[in-house]
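Quick one: the structure is below, questions incoming.
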Amino acid sequence: MANKNDKSRRKFLQKLGVAGASAVAGSALLLQGCSDSNKSSGNKVKVLTADNKLVEVDVAHLKPGDKIQDLSYLQERGREGIPGKKFVMVVDLAKCKNARKCMKACQSAHQLKPEMHHLNVLEMEDPVRDTSYWMPKTCQHCDNPPCVSVCPVDATFKRQDGIVLIDNERCIGCRFCVAACPYSARTFNWTEPKNSEEFAEVTYDMELNVPQKKGTVTKCAFSADRVREGKLPYCVSACPNGVYYFGDQNEDLVTNGTTKKTVRLSALLDNNAAYTLMPELGTKPSVYYLPPRESKG
Amino acid sequence: MKNIKQYRLIILFCLCFLAVANVNAQSDWPVPAKENENMSPFLFDDDMVLEGRISYENSCTSCHGTPGQDDFTPMAPPPGDPASDQFQLQTDGALFHKIKMGRGSMPKFEDAFADDELWNIVAYIRSFNKDYKQPLPNMEGVEIPEYSMKLSFDDNIDKLVVKVFAKNQPQPEVSIAAYVMGTFGKYLLGKSQTNELGIAYIDVDPTMPGDEEGKLSVMVKASKGFGRAKMNEEMVMVEPTIRKSAIEGRHIWSTDKMAPVWLKVSFFITVFGVWFVLLFIVIGLRNINKANKEEA
Amino acid sequence: MNETITKELSESQIDQDLLKNVNWGGKFKLWLAFLAVSLIICLYYYYQQLQNGLGVTGLHDYVSWGIYISNFVFFVATSLIGMLISSVLGLMNVSWVKPLARIAELVAVAFAMVAGLIIITDMGRPDRLLNVFMHGRVQSPIVWDIAVVVTYVAISVLLLYIPMLPDIALCRDKLKNVPKWQQKMYKFLALGWSGKAKQFKIMHNYTRILLILIIPIALSIHTVTSWLFAMTLRSGWDSPIFGPYFVSGAFVAGCAAVIIAMYFFQKNYKLKDYITVDHFDRMGRLLVLVALVYVYFNINEIIVPGYKANTADAKHVHEMLYGHESVMFWLVQLGGLVIPFLLILFRPMRRPLPLTLISIIVLAGAWFKRVLIVVPTQLTPYYPIQNVPENWTHYSPTLPEIAITVASFILVLLIMTVLAKLFPIIPIWEVKEEINHNKK
C-alpha cells in the first residue's frame, strides 16, 4: 500500500474517524448536561482529580471521574436528587440464570461484606408449576415507602427522582426501617465495615453510600452516583444475561444493561404481563418484574 | 501476540478440535462472505479505541471480561476472550457482523449501536493485537459526499421528515436511522431510506411522553457507502407532559418538614398541652410553702 | 371501710413501723454493694458493645430487633401498673389499694426510667442520640414513643412525690439520726409542709389532675410501643388489636411485679400489719381479672390469622403453634399465663408465698412473651432468607446481650431499693387517715 494515494486516503479516513468519535462524545456530553441541569454555577467545590490533585472547581464543570471532597455539597446534592426524573427498574425473570455478577458488582461498589446484600438473587418456589426460578431482589424504591415512614430522624428519605436513599451521617441505627421493610431489602453494619481503615479518609457520598459506617443501615440506592453521570447502575451493567432494564418512567424509556437496547417501558410491561412484588401491601414499588417462563433450553 | 505466527498452527489445530467438540462460540459461527470481507470506513485511531472501550465496558465486559485477562463468564458455549486468537484471527467484517447480529446468548447490538459505534468496538478489540494491521478498502476514484440534513415534523401524519442534501442537491437512497435520546440509551424510532427527492419519513408514536413543551431529543444518522452524517435536535413532536416530582404533597413518608398537617398539629398540641399542665403543677408546688406563711 | 388493715394501731406505732425501714443498715449496704458490683460487671459488656458494635449480639439482618427491644417492651409494660392501681382504682375510691399505691408507683417509676435507658442499648449509634431531638420526625412512632415515655416518667415521678409530701415532712421531723445530707434532702423536698388544710387541698388537687392525666398517657405509652410493631407491614405484627393487646398484657406483668415487690417489702420491712394477707388475696383476684382479659386477646391474636391462613400469616402461626417457636410459645401461654391463672382461682394459692411464686413465673413468662412478640415475626419474612450465614435463620442472644439485660433488671432493683430506703414505702398519712376514719 505504498503509493501516493495511500497518504491522502488515510488522511481522509482519519477525518471521518474523528467525526465518528466526536459524535459519540457528543452523546456523552448530553447525558452530562442533563444531570448537571440543576446546578448553578459560581458554586465551588473541592475535588480530587484523577491524578490525585486537590483543586477547587465550579460545580458546573465537574467531571465524572472527579472525587468530590466537599461533604456538605455531597449531602445537599444527595438529598435533592435529579429533577424531572423518575427512575424505574425492570427485572426479566425469564432471563435470570443466577450468574450473580450483579451481586458481585454491587458488593464491590458499595464496599459490602459477603453476607450483606443490597441485591440478593433468591431461589423462589413456583407453587403453580412446582419449579423454582431465580429472582434478583433489590430495594423496591417504593412510592409509599414503609421504611421512610418510620424513620425517626429523616435519615432515610425519598427524593424527587423516586430514589429512596440513606444518609449515614444521620442514621442512629435503630433499625426500625429494617423491621418495617416487607421486602427485607435493608442490611445493617453490625461490625466495622469492610476495609474501613482504607476508606477512613474518603468523603462520604450518600449516593454511593461509601464509606459504610459501623452501626448504620445500608441498602440499594439504584446506584444514584452512576445515574447522576448518566450511567446505568452497577448491577444493571454487570448482568451478562440481559435481565435488567433501567430508565426514566417520565421518558417511558428503559435501557437493557446487557444489550444496551432501549425500549418503551409501557410496551415492555404490557407485553410481558409485568407485576410488582406484593402489590396488595400498597407500597407501590418502582421495580417491575417480568414473569419467569419455562426455560427454552 | 508476539509469537503468533509460531503458534498459529497449533492454535488452528486447537480451534478445529474445539469446533468439533462444539463448545466454542466462535469457530462454528458462519459469517456471509460479503460480511466477512466488509471493512471499516474509519481508520482505527486512539479516539475510536477510547470510544470503543466505553461501549465495550458497558455492554460486553459482563460476558467477555476484560480483554487479555481470560476472565470471561463461564457459559455454554464459552464467550471467549476478545484478545485471544480465536477472535483476532477473524476479519474485521466478521467481528462487526457478529457484534451487530448476535446469536444465541450473544445479544444482537444492531439496535443499540450505530455502525460507527460498532466499528469503535472492533477498533478496541484490535488494540489488544500488536500484530494487527488494519486492512483498508480501496478508495481509488471514490468520492465521499458530505451530507447535510434538515429535520422537520409533520403533525398531520405524525412522521419525522428527514431531508438529505449534498452540495444543495437532494440525495436519494440514503439510509436513515432516527433515535430518541433517553437518559441511558437511544431508542430507535425507525429506519428508512430517502426517496428520489431526498426525503425520508419515520413514524413517531404520538403517545411518547415529551418534555414540558412536547419536545423530544432526536438523533438522526444518515449513511450511504462512505458518506455519513449525524444530527441532534430537540423537536416538538408529541404531547407535552408535566414531569411531577416523586415527593409532591404531604405524606406519612415525607420528611418532617412535609409531614401531614393534622399529624403535626395533634402531636405538638398533645405534647405541649401535657407538659404545660406538668409545668403548671411543678410551679404550683410553691404554693405549699406559701400556704405556711399565709396562715402563720 | 378499710377491711384489709384490721389491727388496732396507734399513730405513734404506725410512725414507728413505717419509718423503721428508712435507714442504711449494714445488710442494706451489702445488698447495695452486691447490686453495684454486678451492675459494673454487666456494664463492661455494654462497653464491649460500644467498642465493637452491635455485632457482639446475636442480632443479624433478619432478626434485627432482639431481646433489647423485648426488654424495652417488657419494662414499659410493667410500668403501666402504676396507672391501673393508683389512678384507675384510686379514682374509683377503692380504698384497699391505698397502702399499695406507693409500691405500684415505685414500680412504675423504676421500670419506666429503665425502659427509657434500655432502648439506648439497642441503638447502633448511641453517640447520635441527640439526632432524635435535632432532626426528630413527627411521623415516626419512635418519636412518639420517646415523647410519651419521657412524659410518663415525669408524671409518675410527680405522682410518687406529691402524695408523699406529708410523709417526707414526717421524715424531716422524726428522723434525727440519719446523715446530714439526707436531712437536708427531706427539708428541701418537704417544701415546708406543715400539714395545713390548704396544703392538703393543693396536694389533693394536683394529685387528682395527675391521676386523670396519667390514664391517657399510660395507655398511649404502651399503645405507641405496640405501634412500633403494628405500624409495619410484617405478618405477626400487622394487627389492629396490638394496642389493647399490649395494654392488657402490661397489666398482667405489672400486677405480678407489684405482688413480688409487696412480698419483698412485707418480709424485709416487717410490714405484716400494713401489707396484709388480704392485700395479697385481692391482688391475686386483680391478677385473675387482667390475665383473663389477656388470654382473650391472645386467643384473638392467634385464631384470627390462623383461621384465614393467608400465606405469610399461616407460616407465622404455624411456627408458633407447631414449629421452631412452639416450645417457648406453649410454655409461655400455658405455664406463664393459663395455669397460673387457673391456680390463682383457688383461695389458698392467693396466700402471700404461693401467690408470689406464681407471680415470679408470670413475670418471667411475661418477659418471654415479649421475646415471642418481637422475634418470630422477623424469622418469617415474606421473602426467603438466602445467601447469608447459616445462623441467620434463627436467633440466639449472646452473653453481652444477656448481661446487658441483667444489668437493666439490676438497675430496676437499684432504683426501687434506694427509693424504698429513702422514703417510707407505705403512705403513712393515708393509713392514719383510714384508721381514724374507721374509728369514727
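Order of writing sets the labels: A, B and C. Residues in every chain begin at 1.
Heads up, the rule we're going with is that contacts are C-beta pairs under 8 Å (C-beta built on N, C-alpha and C of every residue); 3 or more make two chains touch, one makes a residue touch a chain.
These numbers come from a predicted model, not from an experiment.
Interchain contacts join each chain to each other chain, per the touch definition above.
A comparison of C-alpha centroids places A closest to the centre of the full protein. Centre-to-centre separation of subunit A and subunit B, using mean CA positions: 15 Å. We define each chain's centre as the mean of its Cα atoms; on that basis subunit A and subunit C are separated by 48 Å. Subunit B and subunit C have Cα centroids lying 62 Å from one another.
With touch defined as above, residues shared between interfaces to two or more other chains in subunit B number as follows: 252-256.
Shown for subunit A are the residues in touch with two or more other chains, namely 146, 149, 154. In subunit C, the residues touching two or more other chains are 135-137, 139. For subunit B in complex with subunit A, the touching residues are 41-45, 47-48, 50-51, 54-55, 58-59, 61-63, 73, 75, 105, 107-109, 111-113, 116-117, 119-120, 136, 139-140, 144, 180-188, 205, 208-209, 211, 217, 219, 226, 228, 230, 232, 241, 243, 245-247, 251-256.
Against subunit A, the residues of subunit C that register as touching in their complex are 52-55, 57, 59-62, 64-65, 122-125, 128-129, 131-132, 134-137, 139-143, 146, 228-229, 231-234, 378, 381-389, 392. Residue ranges on subunit B touching subunit C, taken from their complex, read 252-256, 259-260, 263-264, 267-268, 271, 274-275, 277-278, 281-282, 284-289, 291-292, 294-295.
Considering their complex, residues 1, 5, 9-10, 12-14, 16-28, 30-31, 34, 83-86, 99, 101, 143-146, 148-149, 154, 157-162, 227, 230-232, 237-242, 246-248, 250-255, 257-264 of subunit A touch subunit B.
Here subunit A touches subunit C in the complex through residues 103, 115-117, 120-124, 137, 146, 149-155, 170-176, 178-180, 182-184, 186-192, 214-217, 278, 281, 283, going by the rule given at the top.
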